[in-house]
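Naming follows writing order (A, B, C and D), and every chain is counted from residue 1.
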């Protein structure tokens, strides 16, 4: 069974997913981050494959990506890094990246390499549902790689149902009309939106992302979903000072989910 | 008899006329210049009435005019100055100025004041022949003020004959297509032009002006006319250094026509 | 009342050709030839083809809806800003360059204030492969830098005038001096309805295409070929002359001539000739001009280089003296504010000169049913530095 | 061969809408509405009236006699430089602003490279009284300063993009991000035939007025509505798309697309996408783009801000891949020299973008009897600083 499915079977709420940019702060940090996150209690990780023109991302993720690319991060390097420490990490690993890099790598080669590295799923913000269905769905199935689609406050009910039907693993609920990292709190309107989705009783579990930055927003989001994703806030915190990377990660994680 | 007519009756060649700007270098220099010129052998003077926009004049005369206006020179002041020393000066005095100032003063008042000051003639470069004939000729006659028109290398034979018929005193032969002060030597083409005019056997005497700057050009010009006019070169020489004004004038004049 | 030039070159008591003999042959050649050439089939077909395919005529007549609403009347803009090179000036330079060619001239000189006429002249010289020298006041060279760059790019030589106020008047003096010195092969393309006869009439005729087009455009849009009023700024007066031309005898059409008041009419820094001026001679023409009691021409002032001139053309002197035209005076500040208003309400950045015409809409009352044409004489690209500095200093 | 977009938004294998879900509702609204709105009588009459009276269309087709003689062929210039605001870009922004109004949008965003699209957008926003935010690369803000000033004068907010190469690509990223964050009341006016479907088709349709006018203008002037060749520069490709549009199926008309080679194709400082690019996705469209082996988009380089883009529109990718269009590459230096040539020979200062199209005349052989149309996409006022510095450094 895909590790993502296993996670959602076993855990129904308060799932904490952390997004980080591969190759940031340093090229070789990927495994350190994966190991530390697992030790600190993350349930799921999304590894951002840094891209030159990440149109759905805010400044924090974009800048971390620029640094990572300058550090030398490539698709092949990322897979090699994940493979090198996959045995030590039990969490599901999701790679988030933009379609262009996958096209250049070759979609089939990309899925094969992902599988070999131990990647469980992908998030590809600029892969439209219809292209996926017509061109790639079979390949994803062949390699057993999950694909989570996004929904937003503007997504129509019909379309949500369709996305529910084609997503594998979980649905990524974008918390607000915004790029990553843009907002701080969670508004009434957002909660109404979370509830609306909750009441649709979709087939796939939901993780809420974009603008989740601390324990408060994480717990609010979790009241209306299986869990939530923290990205920019995490990246900001680990790039912020001169201490040991693992210590910085642990401190951040302790702030979200205190060790029991 | 008008002093201009008297001069041309009495002297048929090598008439030396000097142009200077009234009020330059200093406001009160007009009489000094008139007296010194006479002593130094000038036959005729043209007193430039400084104008803000002297379109037929080159930079030297224009700049001397700007200085003179700043010094405070006005039409009334000029007439007062000429009147104040007219008794000491026997030469004919011609005032050269632009029509606008005369219009503002009132043409009749201007001619009357000129007459009273002892002025013998005018040169008004921007007074066209037809306007003169239709509007001003009678007034000039009434006050006995002469008016010399200009001819240039472009003036047609018919027009030269007409100008000859309406000019009083003499005809001003512009040596070249140029504003005042622009050229140095006298070319073959200019000499041919002087000869052409000479051979027309006009009724009025001719003085050649524009670009006459030294003894050589003065004598060349005089071979084909009754005389010539020096303007910019004179102004340049008297503005040039710190010596006594009269000394500078005398030195310049000695260079043109050595004392006998 | 007759508003045509008479055969001596006068509009009433204004006009004529008060020129030194050195220019007589040139002016006489022009005077005797200009109508013959302009009426010839060859000239007409070339002129009209270039106006259409090169200049981009007809220029639209545009109903400015937001301005109309604001001023509660119907405001039409005659879009001379859309002409090639960005102002009405090219109508005249196209005409004069064809005339110069017909006269066999090979060297062209011009004066310019705002630089629009200089650019329009440099443009037609490039088009015809003729040498071009443009005189421009040293101050104008600074405040209209983009147009200086354009002239150079077009291959013209730009010669600074350092005398007087270093503006349009002085550039004109220098151009006249050049012409005196080069009378045979040179044609002087004057940029406005100023100078000795036949220039005012010739330039007005070339610019009259503006009002000619208006007649049919107004007929189509309003059902009448006559507007109730025409508003145009007046430097020398060429865009106004062109916009008024076909309506001079239609005395129910109000003609509104807008002059630059500079810092204010009474400040001593102004260019409002019709108020501050008196009869005299400037640049070969008897007209209204600003002068001292002693007949020295006063150095004018306006923020707008194209209106910074101490005289107006003799036609306008005549129109204003006979009360056929109304004169309105607009300060620098008023013009700047109107430029911003037009930019923000209609998406059109007018030239600083033209902004004076727009500002007159605040000073004249119109009826809701009136059709008012503003001659949008030029675009404001050349004035951006001034606009940003004066209007948006914090951006 | 079919060059129309298919119902999924593809030209052959290029095109589509590769957008994040956050934009889906916006794009879907546009996709489902754009043809309905554009075909409505209300839209058509407003669009045509504004193109005529506000923009100044039809733009002339001008036979450039001196250039024709020089190149020994018949060169016609389609004068988009005479449009209001000085380039073809306004054809599209007029269309899109009417569309945005029909969709009830109240806030407008745009990206811009050379600033012409930004000015054209700021202009239509002022005209309609809508808020306007323009994203522009920090480098382009410097090199196209006059257009920045114009946008501010028109009331637009200009936001610098500091990421990547700080040019057009990055400004586009920022605009997309803004739209993601403001999906309901904002319309994004894209300035070229790029972006997700339906933008490439929509923008091409708005620009197709260029070739529509050419058909009748050529018929009048040459006796045939088809030229032998059409030459246009390609940044994203909107002026080229407009100039080619009505001739796509007329395969005897050569379509010549001119890209910026920058300092040279092999120098690593270039924007010649059709040579240096490969298939991929940029700004929501599958097309040709310049990218590394690892799929990172390469920062392009051209002296011309409007051509300094690492992709081309999907229509052009299709035209070039199928050999319907020929691609020509012009260096900075070649473009500069051609700008000077056109200024000096025709009295027209072209935009730096357009100068690339002119330079292609040196690279393609035409017959003496050929009729060649160069799309004169814009005027060069915005590029004067560059021209003077690079071409006339001693003046």
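We take it that contacts are C-beta pairs under 8 Å (C-beta built on N, C-alpha and C of every residue); 3 or more make two chains touch, one makes a residue touch a chain.
No experiment lies behind these values; they were computed from the predicted model shown.
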Where chain C and chain D overlap in contact partners, by chain label: none
Set of chains whose contacts include both chain C and chain A: D
Distance from the mean Cα position of chain B to that of chain A, given in whole angstrom: 96
Distance between chain centroids, defined by C-alpha means - chain B, chain C (Å): 37
Approximate Å spacing (C-alpha centroids) for the pair chain B, chain D: 66
Two or more partner chains touched - positions in chain D: none
Arrangement of touching chains [line / ring / star / complete / other]: line
Touching pairs among all chains present in the structure: A-D, B-C, C-D
Partner chain B, residues of chain C touching it in the complex: 8, 16-22, 24-26, 163-164, 169, 173, 176-177, 180-184, 278-284, 291, 293-297
Complex contacts: residues of chain A adjacent to chain D: 51-53, 55-56, 58, 62, 66, 69, 74-76, 98-105, 125-128, 130-131, 149-152, 154-156, 159, 163, 174, 177-179, 182
Residues of chain D defined as touching chain C within the complex: 52-54, 56, 59-63, 66, 79, 81-84, 122-127, 129, 146, 149-150, 152-155, 339-340, 343-349, 380-381, 384-385, 387-388, 391-392, 395
